[in-house]
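Common to both upcoming complexes is chain A, partnered first by chain B, then by chain C.
Right, the complex of A and B next:
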């Protein structure tokens, strides 16, 4: 039977697989270093356009401060994307509610207000995680719907108005001090140039990195993100893991929301608008796959930096608004293409 | 057997539906009759008109904004100068040329092409029903809406408010819905100036008095708008620029942070001050124009970048907003130790007032959200009373600095 099929007269000659197996070096380098190749390229361009002043302390401070909020929120969102649940559309209202709850409870003192703000984010994360982890609700539809629901709730409760910490605070020294401390967290500098917001963002990234790479939870999340069914049949408690991921995400988003409210001195339902997409952009730029299972916190930090440096460079060049959108779009598409291309070349996607 | 049940159920459902529809229809026409009747009752003879005028006058005299100014004050009008060419020719002029912005600044429309507007019933505003369609949810809108409702109640009108949440097609849908409801008047804050023409055409064609509030529509839209009321953004920004030029001593570099690109405040708050400074102080240079939006951190980055890029050449910044944009800009200047940079903004919010008090913001233009609503209600009322109304009237304004900020506290939103 085999003789009939094999028409090669020399049946002893082993078959040679002529398919290309050589690994593309560029793909390998990009896959290893990821977004940091782009960050370095952007820094070089920055050095050129700024005529050497790119590394001025004030410029670095400007970049870090500009991305601090995106960085804080992205340090939580990476867990959602990594778990295969794409993104969290309720990030804007999680941020808004975090800020509003903190301001609303400012009379209990600054630490309590912050804690309540963070807990409100954790609670939103818990609900999201439970619905998506336990009932396998579509993560986009559910979080989008939940965002709408929260938007309605806060508008009804606060009648569509903005909350000012100093107005909410009673006329006592304790409450007014709490309000002033609340405002100051977004305006505090350690030394002359290092802002508290940037430090908090870096600390959150380090904690996220530790949880992501050094704990069993991180490993479980990778398996869930890679193949939910396999993870489930491997004995992983997928519901618990996803609920935890959403709680971390909610906490990070609410911390971002608290700083957001402190910076603009106002807590409002519109705080956080657009952060769902800008943070997802940073996470994806960092090499995270939308389908989950691949990505890192270090990469996400690179994505956040790339976001900030690009804006900085475009300001230096002095491009108009429309041209800025054009260049930003092109650069982001290029990075996503590079990620996809290098992954495909290495057979990792 | 099953088919029988199905047939019975279907027949039952149809019967119930028919009854419901008939009932609804009846109740609908009843309510319409009721509405007409109440309108007739309320407008019987000259009593309603006299009572309406009295109510309106009382509201004008009594109602105050939360910062203690008259909410329904008379609007101001401006003469429209002769344009130095058609719109196409003016477009080719430089951005810093005042003439270029003529058709953006003035509602300079051909009144001969006006639609036939509904005649005023001249029977008084009391008992009339108005629908207000705002542009979208925002703290400013909440403030406007509350003031509008308060003013309507004070003059004896009822109102419904529709909020399309900044969505053009939803606002179009609300226009249709409002027309179907046949109110006595419709007041719209258009989501987009470009699209306003079509919206008002529809309302006027349906025989309903159409009023435009706050957002300046395209000039041609006025052919279908009974009256426009709102702030004169160009005028107040030109005043602000004159004050800034004076503070700068007629020289230096100015950079601009804009409103959302393409909107009427974008042009007024960027090119208004730019062209005024170019005209009055030719030695003041325009350094850059950026549109980072309304997020404090984004504005802060742009201003920090400007400070690093332009150094001592940057002497002043003009902002389209005195809240988030002002916070971002002042924080950037403070962080860089450049408190010498003069910052002026269109306002006036609580954050802006605090920044003026602390000296971080030099001046802000006063634009009262509640007076905006008050003027709209006053104009609608005057129309119902059969009075002559201005086709275009603006709310009052002022320049707020450290010396007079107390007069405008507490802020409205």
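Right, the complex of A and C next:
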């Protein structure tokens, strides 16, 4: 019977397309509202766990302080993930080098030290961007290897020592004042509860949001992340765009590193350990697609908040640092799976 | 004619760079005091054996086109499990090692499931699994270091040099044996060829009828199981196992990655050999015996790694430039023109 129908194209029986066209509602909601659903859910859990003291000013302050560094670095990392280069494994050493250079040049005064710290981060970003943008090196392997090389160079130059700003500074009043200013930037509070670090983080996020969504550069980056070949053949200077993205990332990471060094009062090659993972978690939590071309700074900010609130809740429950690793790993895997799954259901990955 | 010769030699150097690296280290060793002594070489290779297991796992995964970051914590976890079971439950060593290896198989299965069924990128999936393992490891031990106590019998067997004239410990010989077995499996069995094929092009391999999911999972299982076995043996060999086992200033995972790339395994998979990784890891182990300072070790290893990555990247960049053109025809035409003139 069916063979006959197939042989006769003029029969009136219409062909029914059985393929599914409707999109899973859950995927759509998750994809649109994204991380802020999770943030609200986490806040509700936090309110239950902390018995109502979650919104106390001291708790909000501790959350903001804990996520400030991750937020600073994530505001740069979003450009890398967005451009389809997955992640930057050289973030730990970019942070460490930024902090160490700032401490080492503290004798020239506080503003110069900060500037040199940021410039060193930009230089690292330039090298990364040149190798990946120009020669198309494997982004993970290259940045990982470069991280190791930087660690080797830094450890040979400073012989694996830790640097203290007040010891590096000379005995003059000018240098000592600079060192004191350097220490105080991580401990300044504007008003009573809002720390300078949190404000810097939010300002950096706003700047990143502006660059990401309001400039030509952001649009170019989206095309490169979606399809490199198409971007190349439509006349975009891919090398220049990728180098810029990596420089932004290096600058953000080094600012994070300077604040880290100021917070811990020491600068050493171990300063940024673990930040590559936590920042990637925050960026992915924010709904950024690993293959590139999808994601937003607003979402990343939500991801950073969710990461901080999750850690805060785990502390409220009473888990130690070690048990946190387990929970963080499981949450990371679940979020990545949800991200991949919802994008596949929407046909976008 | 002269030009041709140089080309062949450059290719030869690139293909055999792991052997050249080892030769270089051995030559440098001639100028170092007390390098060619029985004790020095057996200690260096024995201490480097843990990383050889990690490199084995990393290379198998990389040939299949994936990355396995869990290897380091897998080996530490297995060592802690092995020593813990022996100390607390009093189980014999064989059972402890078996259980530790089975834990490795389980983690490999989970990795494979995450990568093949949930379709998470292997780098990200194993990054998450790494932290799960780290957390469960801390919960198991409470952050303490475990030791084998006073039961030195098996530890002594592993530390011995069984073949009189060879300066290699039993542990290193077992490691080498397993590496050669894996090499034979990869090179001469159908499964091994399939691993190379899915690394080269996953879709083509699938269209050719290879059960790509199964093969990928198997690659992860081999990797994790090898690391677990190596880690358990390393715990017994060195007598203690802590959270940071094998980490002397530089993460063993980094050394495994370095050796895999120096050996010549392709970053995107489909090409490579376990033997190359083994040779370069032996070279790195001996290099550590030459340069005593950790800082210098890190710098030298990193410089070699960066050199290899830059060379490979630029070679690929130059090859991609000629895509669509026919350099052979162009050269032939030039030759004919030259003859006619």
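FYI, the second predicted complex is superposed on the first by the 331 of 349 C-alpha atoms of A that agree within 3 Å, B and C clash if a C-alpha of one lies under 4 Å from a C-alpha of the other, contacts with A are read in each partner's own complex, and residues count from 1 in each chain.
Convention: a contact is a pair of C-beta atoms (placed from the backbone, for glycine too) under 8 Å apart; a residue touches a chain by one contact, two chains touch by 3 or more.
All values derive from a computational prediction rather than experimental measurement.
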item	value
Chain A as common anchor, with chain B and chain C clashing or fitting	clash
First, second, both or neither for A:318, with chain B first and chain C second	first
Touching partner for A:155 - first (chain B), second (chain C), both, neither	both
Partner chain(s) touched by A:69 [first = chain B, second = chain C, both, neither]	first
Partner chain(s) touched by A:326 [first = chain B, second = chain C, both, neither]	second
First (chain B), second (chain C), both or neither touched by A:189	first
First (chain B), second (chain C), both or neither touched by A:53	first
Region of chain C that runs into chain B when the structures are aligned on their shared chain, from 8-16, 116-124, 170-178 or 242-250	242-250
Chain B and chain C contact sites that coincide on chain A, given as residue numbers	155, 159-160, 322
Residue ranges of chain A in contact with chain B within the complex	50, 53, 56, 58-59, 61-63, 65-66, 68-69, 155, 159-162, 164, 187, 189, 193, 195, 263-266, 268-270, 308, 311-312, 315-316, 318, 320-322
Chain B residues touching chain A - in the complex, by the definition given at the top	137-139, 141-142, 258, 261, 288-291, 296-298, 300-302, 304-309, 323-324, 327, 331-332, 335-336, 350-351, 354, 413
Chain C contact footprint on chain A (complex, rising order)	86, 131, 135-138, 140-142, 144-146, 148-149, 151-153, 155-156, 159-160, 277, 280, 284, 290, 322-330, 332-333, 336-337, 340-341, 344
Sites on chain C touched by chain A in the complex	67, 114, 118-121, 123-125, 127-136, 138-139, 143, 250, 254, 257-258, 261, 267-268, 294-296, 298-303, 305-306, 309-310, 313-314, 316-317, 320
